[in-house]
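Next come two complexes, and both contain chain A; in the first it sits with chain B, in the second with chain C.
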Partner chain A sequence: MKGRAAPAIFLGMPTVFLVGLFVLPLVSMVVLSVWRTENYHIIRDFSLHNYEVLATEGAYMTFLVRSLAMASAVSLICTLLAWPVAYGITLYGGRYKLLLTLAFAVPFLTGEVLRIIALQGLLGPAGLLNGLLLSLGAAPLRVIMYTNVASAIGLVYLYLPIVVTVIYLSLLNFDQRLIDAATIFGASPARAFFEITWPLNLFGTLIGFALCFIPCLSATLAPRFLGGPNGTLYGMAMAQQFGESGTWALGAAMGVVLFAVSLLLVIVVARLVDLRRTGFTGFGRG
Partner chain B sequence: MRLKPGKAALLGTVAVSYLFLYLPVVHIGLASFARNSNFPYPPKWSLDTMARLFSNSLYQTALANSLVIGICSALLATALAGLATIGLMRHAGRRAPLYLALFIAPLFVAEVLLGISSLIFNGLFLGLRGNMVSAVLANVVHCFSYALLIIATQLYRYDWRLDDAAMVFGASPARTFFEVTLPLIWPGLLGAFIVAFIMAFNNLEISFYLLGATPTLPSAAWGALRYGVKPELYALATCVNLVVLLLLSLMFVLMRTGLVTFGHRPERERSAV
Partner chain C sequence: MAYIHLDGVSKQYGSVWAVDRADMAIGKQEFVSLLGPSGSGKTTLLRIIAGLERPTQGRVLIDGEDVTELPPHRRGVAMVFQEFLLFPHRTVYENLAFPLRMLKLPKGEIEARVEWAVGILALRGLEKRYPNQLSGGQQQRVALGRGLVGRPKVLLLDEPLANLDRELRQEMEVEIRKHQTDLGIPFIYVTHNQEEALSMSDRIAVVRGGRIEDFASRTAIYDHPRTAFIAQFVGRSNRFTGTALISQGKTALCDHGVRIESAARPDIADGKRIAAYVKNEKIQLKPAAEMPADAANTLTATIRYVLLRGAYAEYVLGWTGGEIIVSRPRSEAAFAQGAEVACFWNEADIDLFPMTEDGR
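Let's turn to the complex of A and B:
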């Protein structure tokens, strides 16, 4: 057998790296959130003042509720859209499956700013949609420029690919012979879907949902460039604390709130799903 | 054969989704090569916009910075994720779920939170000003989890008995790694490298808070976007789209032609039963 050195290298190095550059920064954000900023200086004494401001000042609560509603709606739409897409690719993709899934990655990997630019080309005042309407002689559509609807379309555009990929991977690992077995024993296609396919892929679906919900909740770019005056979301307000207003401590408290909501969601997902029931085999089966 | 309504609905949704994803991309692609950039139908071809983009020195500096961040982050993330995957599969044992939870946790933290918390940690607790090294390291955290998942899907079916066999015949662990493991797992590592590179290259929200005044391509685009969309931005996005498309087609061709069939080898399938 190998000595003790191997686990230390293989598991130790990534662990040290993540603890140092991922866990410690998050902890320092929590620490900063109980300090104060006055005139761009950070005063290091414990107070829950920031959280008080967040809880009592109406605007922040509005932003939070709006963000939660927006993230829920967008994640739901993404999941509802992604399921048929992923299912269609697994069923009928044939030898083009790989190509079809990689094609989803191209827009996903282009980066948020550039995709927002592309979306402005579609939805913006001088964009494709309005250009089309104008050239047909119709009036430009005002509903979808700089509104919450535009923000939502933008967020769906940004995060649909990752939801599709996650659900697709879940379906790929799912043993299609189970469906055959169910149909042979007389289950209708609908029943086979709801009793076998859906529960066995529930974990993948929820992971996809979470991976859409979490970045949507802290979205900073889409609401800023696509949303209107009533479109400020929590993440955008948080980013402002680190930019223009310079109130880092309040921003850190907002970060903690966002992080706590994300964590809560992950815990709920983990609680909802019995991993063994979903056919998750996990690592360590070398 | 008649088309079943279920099948038609599924394929219809797939088609509509691709249309939705690619319509803006294709539109700005046309716009950036056309003189009438607002509504290029039919396009009057012209390279003016592209020429203006390439002569802009801000974008040149930004491109260089983004390349450095992308390459450094991708190298580090791939190496660490490779280590972590092998560690999880070979050495973690019962504690594998714990390690796995830590390793994929960055997926569940929004990019902007990673950026802000790293900014606080660096600026307040370490007293560091914005610099490339911290930006690279923060990007590695984010790319690491994606790289881990990509390498894990490739390594899942790797036959570790090959390593054991090499070691039985007297190869040192290092030699086993370089002569047996690495030649077999490089496609997975390459895939992870490509994806990590593209992600770090295009990242705004992590790099932005850690770099201070150093421009990257996304932050330069962000800065310009605040003053409204200009045709140059279309051209920039189109260039990046083309590069991403090229890299992913490269991956696709490698996987298709069988250069990268590893991970789906039939021998392993038989022995696994």
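Let's turn to the complex of A and C:
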């Protein structure tokens, strides 16, 4: 009896979780996307009109491309910054390792809005940075006042802790003695990094990258508070459909497109990366 | 002529000297074991030779070159680790090819050498597998192969058999020694297992508390232990203690009425506390009735248990001073549990050492 119930429970829980939190909302979003909204009312006729709008009105495509570029750049910067930080902690953290790891969670203790507003105070025209430059008699830095660069800084600032944490956890599970083995067998430290450390932490790095990339695509707050006139990103435009403009169905269609793009990216990455070559052992001994 | 020299090598961790003034000279064809209990500094010494640790003091020379300052990848040494440390994201073939790729050998040469390793280590058919698809014994052989393919100047082995079961271990002992002889390169083999050290080595360095207690041929280490620690640690011995009595050109002691008499030891003063060690297999048995009265180096005892160990019978005997263990070939007459026997041994088989303050 026990033998049969256990797998049912252990497979059942994630199933309920996935259906409840992922499949149902996704289905309702797809359904809503083929309906219409007029004057804040949902009208239930089937049409692909919303998708037509997204395909033909240039602005949406611009937002999507800009978002993809933004998310790529931000995730890349986060990954490049996170690696040395995480690696430094695993190597030299000593007995402060745990403390340092917990320290990454500190930014999360304040809300996202608060952190973005704080950053606005730092980067804006009268902000700390430009204020300092002005008081030193220098010209203010225009690139960080309500620009895409400012948005990017904001997004890096928001997601860097997540990427560091994920890469740190990956490195923590990585057996550093494999580097000893590689150097004994003739690899220089740099060679050992690219032969051993990097591939064996690629899986973790990709997860860190994705956990930055995907929320960046749908980011609303950073572009809104820091981005300025040419800074509208896809997620921000999508949020507007559900807010001010009241065009929920169009917003849902945007959401479906975003999901499809994200899914496509995951599939492409999964095709390009052979998990076996990252030391992933989840396939068992088969 | 020595090929590897350790010259006063020491390593300090905090206030602990993990290795303390180690001096060794190892020949080009030699199989040397570092034998010592866990925590005695064997791994640290091996890692210093490999270049993975920098000695606090002293120098390491390989083939006449001072390599103390050289990083591991420039030393041309190889290592087999207790935990194997195969690259989990590489196949058996790629693991074996790794040292060769680092040497930038041409592709054909790499293939030929991997093929050679696959052949001598019976790994054929496993080339495309990943390490987690191999048994412990197979992983060990890949680790050994990875150590041999690059024709290193020396192969360092850190308890390579500790994770294998007994039978496999004995098979691998033969194999390891065979490869060492065939390749003619020095092997430095770390172990806490005296049987492994004795079975394979030419010479054994007994390590204790970071110091090399003795470095001599395996027969010398076994037959003529230089210190009480070695007598206790190498082989299996029975220990008797008492005060030294010097008379008639002999050094003797009395333990619970048993007189243990060895050749004169001028270095031991009369009245000093001493310990005598007699190896299990050096004690002989005969029926108690045949025992001559009052002879030295004999005692009467009762057989408590008999353990059968293949070619040997191990007798656990009770006597007035406690328990002794005697190991006899099965070809000799057997004694049954409960039998009264006389135990006796030769003067030459006694190892005498003065005891230290702590009674050891």
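The working rule: the second predicted complex is superposed on the first by the 249 of 286 C-alpha atoms of A that agree within 3 Å, B and C clash if a C-alpha of one lies under 4 Å from a C-alpha of the other, contacts with A are read in each partner's own complex, and residues count from 1 in each chain.
Criterion: a contact is a pair of C-beta atoms (placed from the backbone, for glycine too) under 8 Å apart; a residue touches a chain by one contact, two chains touch by 3 or more.
Everything numeric here is computed off the predicted structure, so don't read it as measured data.
Touch check for A:P199: first (chain B), second (chain C), both, or neither?
second
Kindly classify A:V106 by the partners it touches after superposition: chain B alone (first), chain C alone (second), both, or neither?
First partner only.
Once chain A of both complexes is superposed, is A:D180 in touch with chain B (first), chain C (second), both, or neither?
second
Check whether A:M145 is in contact with chain B, with chain C, with both or with neither, and answer first, second, both or neither.
A:M145 contacts neither chain B nor chain C.
May I ask you to decide whether A:L233 touches chain B, chain C, both, or neither, giving the answer as first, second, both or neither?
After superposing on A, A:L233 lies clear of both chain B and chain C.
Does chain C touch more residues of chain A than chain B does, or is it the other way round?
Of chain B and chain C, B contacts more residues of chain A.
Could you say whether A:R191 touches chain B, chain C, both of them, or neither, answering first, second, both or neither?
second
Same chain A residues contacting chain B and chain C, which ones?
In chain A, residues 189, 285-286 are touched by chain B and also by chain C.
If we count contacts the way the header does, which residues on chain B are in touch with chain A in the complex?
Touching chain A from chain B are residues 6-7, 9-11, 13-14, 17-18, 20-25, 27-28, 31, 38-39, 41, 80-81, 83-84, 86-94, 96-97, 99-100, 102-103, 105-114, 116-122, 124-125, 137-138, 140-141, 144, 152-153, 160, 173, 195, 198-199, 201-205, 209, 218, 221-222, 225, 229, 233-234, 236-237, 240-241, 244-245, 248, 251-252, 255-256.
Which residues of chain A touch chain B in the complex?
Those residues of chain A that touch chain B are 2, 6-7, 9-11, 13-15, 17-18, 21-22, 24-26, 28-29, 32, 42, 81, 84-85, 87-89, 91-92, 98-100, 102-107, 109-122, 124, 126-128, 131-132, 134-135, 157, 160-161, 164, 169, 189, 210-211, 214-215, 217-218, 220-221, 225, 235, 238-239, 242, 248, 251-252, 255, 258-259, 262-263, 266, 282-286.
If you look only at chain C, which of its residues touch chain A in the complex?
50-52, 71-73, 76-79, 81, 83, 85, 87-89, 98-99, 102-103, 130, 132-133, 146, 150
Which residues of chain A touch chain C in their complex?
Where chain A meets chain C, its residues are 175, 177-178, 180-189, 191, 195-196, 199-200, 276-279, 281, 285-286.
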